[in-house]
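In the two complexes that follow, chain A is the common piece, with chain B as its partner first and chain C second.
This part shows the complex of A and B:
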């Protein structure tokens, strides 16, 4: 087989793989643009005309409110995760203190705890502390997000040349300033990766949101979308419209951060 | 401006004693070079002066102040790192202004200092660029500029030229010397390159194993090394050494080794430290530049030289001179001969040693005898 044929086969494989990933998304978007009653009878058909009635139904079903709730919860959670894991990662990567390895190991054990295992204890804790709906889910999101974020950021900080920190110390910067003005801008690719990972997880998270949020006005998107599905009847068109609306912010987020993930910023720092 | 004084400075990393009770005084305005092989403790000393490493014991004074307990920013020093350590996400202007902003200087003063330093270093038109957009030489200038803007009492430089290519290194070396002449700031410069040390330092401190072996002017160290290590480390190509014996015949003291029998000048032979070693082992040292081809007119009169018969192994023409590897007995000598020399690979050659410039070292301790 010639090299050209091999390349062609490889590209065909990639195209098929891309199609496999794209198909559910395309079906969702197309389905959301078709009148609700045609989806059951003809699930694979193409829309005859652009029909936004499902989006109207979703909007009337408070999808806007769920979107806002999810946005607030995700932004606050991700900001807290990065705000807390960055100093921890910096300390583990750059500061010498006794017990550092032990504490880091302890934090990493958080990766091994399945969310479902702590659902009931956390529910009881939230009830006992009488925390509000937002705090009830933001707290666990941050707690579950910290181990992976600390691990990823620490791995990146370890690679930042020591001399950069030392130059900043000689320049008169304290550790706090070094972290936020020197390390964090350099670590933008790592921060972007952490932000995307955590945002995607929090945006799609269902069990905590379903169990901990009491007020329907505080529900996030995954929980809100469930309300489109009754016990005996489901408005599939509205659900697909809701899912489409839910996916768009994540895609925008990914497109915004993608270049930071791909591009390393340390070029030119040393030598 | 300030002098720097180290008193009994030591640093231990676990079981390793990186710096062993070093005493050193760097005068105000002086350019002092710490030179030595890798792992000799020179960078550790610099880092302790900067405050990046805590001494295990000993005192550090900058000016009249004991700075052991001061943070780096309060020591009135600026440091240039080996890999420049520029902040990659900041423009050159911001790199240079970073420390000044932290010192809360007025914006106009920051602007003045940055532009003045940039003009001095010829990087004014690059101030809006980031380090990644610069060549190695330009980055090196920015690193120096970042130190200059602080107008510190002491410059600390940790092998700042080692990442430059040979040509740029020579050029930048001269620029750093000019900068020091212009600013007159006390400078402590670390390098493992003895040529840099010789050309840049007002004084050189040669280090080995955490200790200063000798601290003096470049010429004094070259002419009168304190021991065999210093003699071998300073000078390029390095000094030739040969294990020999001091023998006395008819009132004349000679240095004898396989293939070598040379007569010590009278004034050297009369020295008590030489007379007392007659019959004992010594290490005989001669620099490549003190070996001549007697057939060519040389700077030394023939009665000051002794001849040694050698076999030419390799000739490396360098243009004005040739590096000639000579087999003498069971030893190899390097001689830096005039390019007009008759040395031909494989042939025999009689070479003359300048006996006024020879060195003798104790065979056991390596300490200089003469």
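This part shows the complex of A and C:
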């Protein structure tokens, strides 16, 4: 076989694998556009006409509210994660102080700790202090987001040329100004990577949301989807419409930022 | 230039404090609580010492959970690592042309686990599911199954879903390692007349050993922590057949209201992640010593 044929065969293999990977998602979107009850008799059919009744059902089932709750929680958490981890990453990368390595290692342990290992004490704390639903979940989200974002940002900050920092110091800038005005703009790929990974994680998080959110009106999408499914157990079309609505915002975010992701990871992964 | 330590501390302290408050302190507290017996309804704690752990060792459900977690680790490593490596090497060779493919393989990670679980539950449905329908259309009626309702099949079915969701993520990690290998090394291998297969085994793989080990650790720890997909798809059933430590811990704490017992299960999870980490550190240490 010629080399060209081999390359062609390899690409065909990848294309087939890609098709298999996309199948469940394609099935979801197509299914969400078909009348809810026909899905159960003919799971592989195509929509006969553009039918949005499932999306109406999803909307009436409060998916819009869950979407809003998740958006608020995700944006606030990601902003706090970056706001807290960027200065820490800068100090670990560029300032010498005693205990630096120790504290960095201490924060990195968080990469491996299961959420379930802190669930009960935090549940008790939230009940005892009567912490509001949003605060109750944003706290752990931020804490669990810190290790990865500190790691990735530090790795990127280490590679910023020394001359840039020295020039800023000659201009009389302090470390805080150097961080926000010199380092952060340079580290855009790393910040984008951090933002997308944390947003995806928080948008998807289940155990904390399941345990800590008391009011159904405050539910985030994962918990909301579960209650929605419970109410529409036989209406598969509506379930698939709810799922589609839950997926779209992050997909858009991912497609916008994806070209940064490998670059942002590379600095972090090779160290 | 002299660094003023005060600035450094002010930069590090907020992050370290939040981390300690929400993770380190509760972690230690969980271990302490595992020595007590109490419930949310009756919050008076009675000292139990190692009693919860003694009960755990007698508990058949815990044994099932441990076995299932072991199966999760083994199958996830055996399927995801080679597949992710194949994708990374295949896609990494010409980035521009394969940007679409990269997006495709990564995209399941963006879908919330709950949504993934709901989609695949409908897919696997024994009566109306798309999978059984497909199998019937292919004329293989005797291969249709109860899938998630079958105690033997439930766990492998959910692991399949997990592989679908996470392989793209591991591909990204390996891709990052792959791109760190200097092009000149491949040039040299080509000049020496090494084919693609030999280049992979003797050049690419040895240089990526470290990142492959990191990825293996992530997969292992992820399999110890696994919760969402199982909770959504089977809730640990049928009759505890797909139970893992995390689902059993959640059930013990928030359905059965056995808080101390649940804290003990959480401590076991923690111990297992620590064990996995120690093994990994040993392995990388030996790697570096061998040069």
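Here, the second predicted complex is superposed on the first by the 254 of 271 C-alpha atoms of A that agree within 3 Å, B and C clash if a C-alpha of one lies under 4 Å from a C-alpha of the other, contacts with A are read in each partner's own complex, and residues count from 1 in each chain.
Following the convention adopted for this analysis, a contact is a pair of C-beta atoms (placed from the backbone, for glycine too) under 8 Å apart; a residue touches a chain by one contact, two chains touch by 3 or more.
Quick caveat, the model's predicted, so the values are computed rather than measured.
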item: First (chain B), second (chain C), both or neither touched by A:182; value: first
item: Of chain C and chain B, partner touching more chain A residues; value: C
item: Contacts of A:171 with chain B and chain C, given as first, second, both or neither; value: first
item: Partner chain in contact with A:163 - chain B first, chain C second, else both or neither; value: first
item: Chain B versus chain C as contact partner of A:5, first or second or both or neither; value: neither
item: First, second, both or neither for A:102, with chain B first and chain C second; value: neither
item: Contacts on chain A seen with chain B and repeated with chain C across the two complexes; value: 166, 169, 265-266, 268-270
item: Chain A-touching residues of chain C, taken from the complex the two chains share; value: 1, 3, 5, 7-12, 14-16, 18-19, 21-27, 29-30, 33, 87, 90-91, 98, 100-115, 118-120, 122-123, 128-130, 133-134, 137, 164, 168, 172-173, 175-177, 179-180, 211, 214, 221, 224-225, 227-228, 231-232, 245-246, 249-250, 253-254, 259, 262-263, 265-267, 269-270, 273-274, 276-277
item: In the complex, chain A residues that touch chain B; value: 161, 163-164, 166-173, 177, 182, 185-186, 188, 265-271
item: Residue numbers on chain A that touch chain C, as the complex places them; value: 10, 14-15, 17-18, 21-22, 24-25, 27-28, 31, 39-44, 84-85, 87-88, 90-92, 95-98, 100, 103, 106-107, 110, 112-123, 125, 139-140, 142-144, 146-147, 150, 166, 169, 174-176, 179, 200, 203-204, 206-207, 210-211, 221-223, 225-226, 229, 236, 239-240, 243, 246-247, 250-251, 254-255, 258, 261-262, 265-266, 268-270
item: For the chain B and chain A complex, residues of the former touching the latter; value: 50-52, 71-73, 77-79, 81-89, 98-99, 102-103, 130-134, 136, 139, 146, 163
